[in-house]
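Below, each structure is written out as C-alpha cells.
Look for chain A in each of the two complexes below; its partner is chain B in the first and chain C in the second.
Showing the complex of A and B:
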C-alpha cells in the first residue's frame, strides 16, 4: 500500500511541474487564441538562466525564479510586440507556423550559445527529502509543487483582482468590444504573452533542479502543456491546475501498472485525452468558449 | 652553328635535371597528389543526440587532420587527400537515411562513415547496401543491424550485448557478492539489447534479476520507475539508455533514497557532461566502455593511446581526455584507411572485401570483423568514477584502479 501512496505522491509532484509549465501556455491560448509551439523553448530559456545564475553566481535556484520571471517577461513582451503581433488576426494556422519557426530559432540560438552539453543544477540539498511511513518526498520536488500552486494563485489574482487582469479577460472575451472601451490591444496582447512567458521561465527554473537540460529538452514540455490544457480545459486557472495534477498522476500510475512496460504510460495518457475530447470536449473544468 | 647545337643540348640537360629532381622526390613514398577521396557522414549535430553526434564528428575530424597532414591516403604511388562531407540528421533515423542517399547521389561520396546511434545506423545501412557503397560505423552497437545479412556495413565497436556484461563479471569477483539486480531500460533497439544480454547473463553468475522495466527513450520523468525499483531492494541498479536518462535516474535515486551497492549505466558516465552535471553525485558510478585512455594497446599504425589523447586535448582545447565515442569514431576512419591501402583501389567492391578481411591493431584495440560485420574481437572495459575522475577498474590486465565497493548510502556521502 505504501508503494501505491508513493506513486500517488510522485504523480502529484510531477503534476505540479506540468501545472507550472501549462499555466502560461493556457493563458496565451485562452486569451490570444495562440497555441504557442515555442512555449517549451521559453521554458528551457528559463532553465538555462537559472543554471547560469547558479553556476556563475551561486544563486540558489529557487531564489532565481523571480529573475527568470522578469527576464522572460521582457523577452515575451518583445517577441509578441515585435513578431507575433503581425499575425494576430490571421487564421490559427499562421500562428502555428510562426511559433513553430520561433521555436526552431530559439532552440538553435540556445545550441549556439550553450552547445548541446547536458547541464544540471544540483544544490546541496538536492538529495534531502521527507521520509514518512515508508514514503519518500524529495524536498526539491515538493518545493516545485508548492511554487506551481503559488504561481496558479498569483495568476488567478492577476486576472481577477487587478486592472491589467480585467483588461486581459476583456480582450479574451471580445477583442473588438475591448478596443471600443479604450483598451490598447497591442499593449495588452504583449502583456498577456509576457505573463505567459514569465510563467514559462519560472517553470523552467524549477525543472532545472531535477532534470538535465539541453536546448532540445523543451519540446516534450510543449506537448505536455497541450495535453494538460485539453484535459483540464481553458478559461479558468483551476482548470489548468486540475489538468496538470491529473496528467501527472496518470503518467506515474500508468508506469506502475503490473505487467506493462512504462512505454504504455504515454499511450494511456493519450487515450485518456481522446476520451476527454469525445466525452467532454471543454475539458474537466473548462469554461465553454 | 655551335649556338644551334647548344640549345638542344641545354634543353636535353634541362629535361634530365627535371627528371632527376622528380626522381629524387619519388624516392620518398608517393610523388603525386591524386584526386581527393570523398567520405560522407550524416551525424546528429542537432536534436536529442546532438552531444553524442558532436563527439562522433570530433573523432572523424581528428583523423582527417592527421591524414591530410600526411598528404592523404596512399594508393599505389599516389597520395589522395581526404574530404569528409557532413550532413546534420537532427537525431532522426529516417532523415539520416535520406541524407546518406543525398551524400552518395548529389555530393558524390565514395564511402560512408556511420552516424551516431543504432537507430540511425540501421537506416543508413539499408542505403549503403542499396548503393553497394561500404559504410564503416562506430556508434551503432545493436546486433540487430548486423543480423540482416548486409555485406556493406561494418562496425568497429563491440556489440551491444557486451556493454554491461563486464560489470556482471566484475561484480562476481567482489565481496560481499551482490545477488540482486534491477534493470531500467530505454525501449530503443540498442538499449533493449544491452538489457536483455545482462538479464540472460546475470543468472549464470549467481545474480538474480528482481526488477526489469522499459521506459520510452528520452522520457522526461523516471522517478516513478526508480521508486518501484527501490521497493525490490536491489544490490545492483543498472540503466541501459543514454546520457540524459542516466543523469535523471541518478538524481532520482538520490532523491528517493535508493541505495544500491553498484550503480552501472550503459551510456553517460563516460562523457564529461555526466560528472559536470552531477558533481559529487557522479562518484561510484560504473559504466561499460568501448575504450578508455588507460588501455594498453600497441598500435601498428596511426598514433599511440597517449599521443591520441594529446592530439585530442590540443585540437579541442580540452583538459579532459577524449571519451570513447571520439575514439571509436576515429577507429572507423582507420579501418577505411587500412582497407583502401590494402585494396590499392577506390573500387567499392574491392574496399568492401578488404574491410571484410581486415585484422589490425590500433590505439582503439583490435579491429577485425566477424562474418556479420561487427567487431567481436575487441573487449569492453569497466570504468568507475572516483572523486570526479574516471578509472578503468576491470579487467585487471588493463585497469589503473580498483573498484570502490560497495557504494556508500547517499546519506553518508
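Showing the complex of A and C:
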C-alpha cells in the first residue's frame, strides 16, 4: 500500500513539473495559435541560467527563478518581435517549421556555449526529504510542485486581473476585433510569447534542481507539454494544472506496470495523447475545440 | 487552381528535367569509369566513393520527400511521423536479414509492406485529426515507435542491429535511384488519376470534397499508406546500405523535418518539387557538414536556413522563381506583408 502511495506522490510531484512546463506552452498555443517546438529549448535555457548563476555566483537555484523569468521574458519578446511575428498569419506548417528551426538553432548554440556535458545544480539540501509512514517526499521536488502551483496562480492573475491580460485574452478570442478596439497586435503577440518564455525559464530553473541537464534535454518536454495541454484542454489555466498533474500520475503509474519501464516514458505519453485526441479532442476541461 | 498548382512553372520544369537528364547520363556512365578495369585502362574518373555516398543520400531524400509530398503536399496533412515508416522499413530489413538470415532482396520486399500496414493502422486512428493535432500526433508516433524499438531486446534494444556488410556502392546507388524513380512516377501517376484529384480536393476543402462524393477517409488513408510504403522502401535500402540500424539513425525526428523542408522548399504538391528540394538542400547540407567544421555549425546552418526559407519563401520555389511573380525585393516584402502581424 505504501508502495502505491509513494507512486502517487511521485506522480503528483512529477506532474508539478509538467504543469510548470506546460503553462507557457499552453498560453502561446491558445493565444498565438503557435505550437512552439522551441519551448523545450527555452526551458533548458532557463536551466543553464540557473546552473551558471549557481556555479559562478553561488546563488540558490530557487532565488534565481525570478532572474530566469526576466531574462527569458526579454529573449521571448525579441524572438516574437524579430522572427515569429513575420509568419504569424502563415499556415500552421510554417509556424511549425519555423519553431523547429528556432529549436535547432537554440540547442546548437547551447551546445557551442556549454558543450554536451551533463551539468547539475547541487545545493546543500538537494538530498533531503520528508519521511512519513514509509513514504519519502524529496523537499526539492515538493518545492518544485509548490512553485508550479504559484506560477499557475500568477498566470491566472495576469490573465484575469490585469489590463495586459485582458488584452491577451481579447487577442486570443478575436484578433481582428481586438485590433479594432486599439490593441497593438505586434506588441501584444510579443508580450504573450515573452510571458510564455518567462514561464518556460522558471520551469527550466526548477528542472535543473533535480535533473542533470544537457542542451538536448528540452526536446522531451516539448512533447510532454503538448500532451498535457491536449489532456487538460486549451484555454484555461486550471485545465493545464489538472492535465499536468494527471499526466504525471499516468506516467509514473504507467512505468510501474509490469513489462514497462522508464524507457517507455514517451511511448506512454503518446498513447495517452492519441487516446484523448480520439475520444475527447477538446481535452478534459478545455473550452476550445 | 488545382491543376495549375500541381505543376512547377514551365521554365523550372524544363530546368529540372534538363539537369535530371544530364545527371542521369552522368550516373549511368560514372560506374563504368570507376570500375577497376576502367581505371587500369586509364579512362578518366567521373566520380569517386564519396560522391556515390552523397548521390545515394540525395536519392534517398528524393524518395522520402516524394513520399511525404503525397500525404503532406497533395492531401494537405502535414505528417511529422513519416520517419516512423522509414525506421520500420529499416528495422524490417534489419530483423529479417540479421536475425532471420533472409536474403536481402526478399527482405527488402517486406519493408514497404510492413510500413504500409503500420500506415494503415496509424492513418485510421489519426487522419481524423487536423492541423496541429495531426502534426503533433504523428510526431508522437515517430518518437514512440523509436522508443519502443529501443526497448525491445529482439530488435537489438539500444545497441541496434548489425547486418552483414555488402560492399557495393554501385548496388545501393542504383537501388536508391530506382526507388527515387518509383517515387516520382508514383506521384506523377497519382496526379493524373481520379485518386489524385480526390486528394487535391481534400486538401482544398475536405467537407466540399465529401459532398461531391470523395470517400475522404479511404482516400486519406490510401495516400498515407502509399507515402508509408515509399518511405519504408527507402528505409529498407538504407538498412542494408548502412549495415547498421538503431533508433538514432533511422528514427530521428530532425530527419523528418528535413524531409518536409525539402518538399516544401521545392514545392509541395508538385511532382518535381520534392526532387528539386531534395537535391538542392542535401547538397547544401553536405557542403555545410563537409567543410571541415563540426556538425554543430551545420545544425545552426540548417536551423537558420529553415527559418529563412519559412519566413521569406513560404510558398516554395513555385512562387519564388517563376509563375506569377519574379524574384525581387518587392516580392520578399509582399510575402512578408501577407503573413506577418
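Simple rule for what comes next: the second predicted complex is superposed on the first by the 276 of 289 C-alpha atoms of A that agree within 3 Å, B and C clash if a C-alpha of one lies under 4 Å from a C-alpha of the other, contacts with A are read in each partner's own complex, and residues count from 1 in each chain.
The working rule: a residue touches a chain if its C-beta (ideal position, glycine included) is under 8 Å from a C-beta of that chain, and two chains touch if they have at least 3 such contacts.
This structure is a prediction, so every number in the text was calculated from the model and none was measured.
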Superposed partners chain B and chain C on chain A - clash or fit: clash
Which superposed partner A:266 touches (first chain B, second chain C, both, neither): both
First (chain B), second (chain C), both or neither touched by A:98: second
Contacts of A:216 with chain B and chain C, given as first, second, both or neither: first
Touched partner set for A:138, first chain B, second chain C, both or neither: first
Partner chain in contact with A:62 - chain B first, chain C second, else both or neither: neither
Partner chain(s) touched by A:255 [first = chain B, second = chain C, both, neither]: first
First (chain B), second (chain C), both or neither touched by A:108: both
Residues of chain A that lie at the interface with chain B and also at the interface with chain C: 107-108, 111, 261, 263, 265-266
Chain A residues within the chain B interface of the complex: 3, 6-7, 10-11, 13-14, 17, 107-108, 111, 115-120, 122, 126-127, 129, 131, 136, 138, 140-141, 210-212, 214-217, 220-221, 224, 251-253, 255-256, 261-263, 265-266
Parts of chain B lying in touch with chain A, wherever the complex brings them together: 46-48, 50-51, 54, 187, 213-216, 218-221, 223-225, 227-228, 231, 243-244, 247-248, 251-252, 254-257, 273-274, 276-279, 281, 410-411
Residues of chain A touching chain C in the complex: 29, 35, 83, 85-94, 96-98, 100-105, 107-109, 111-112, 185-186, 189, 219, 223, 226-227, 230, 261, 263-267, 269-271, 273-274, 277-278, 281
Contact set on chain C toward chain A in their complex: 72, 78, 80, 125-126, 128-129, 131-133, 135-137, 139-141, 143-144, 147-148, 150-151, 253-254, 257, 260-261, 264, 296-297, 299-300, 302-307, 309-311, 314, 336, 338-341
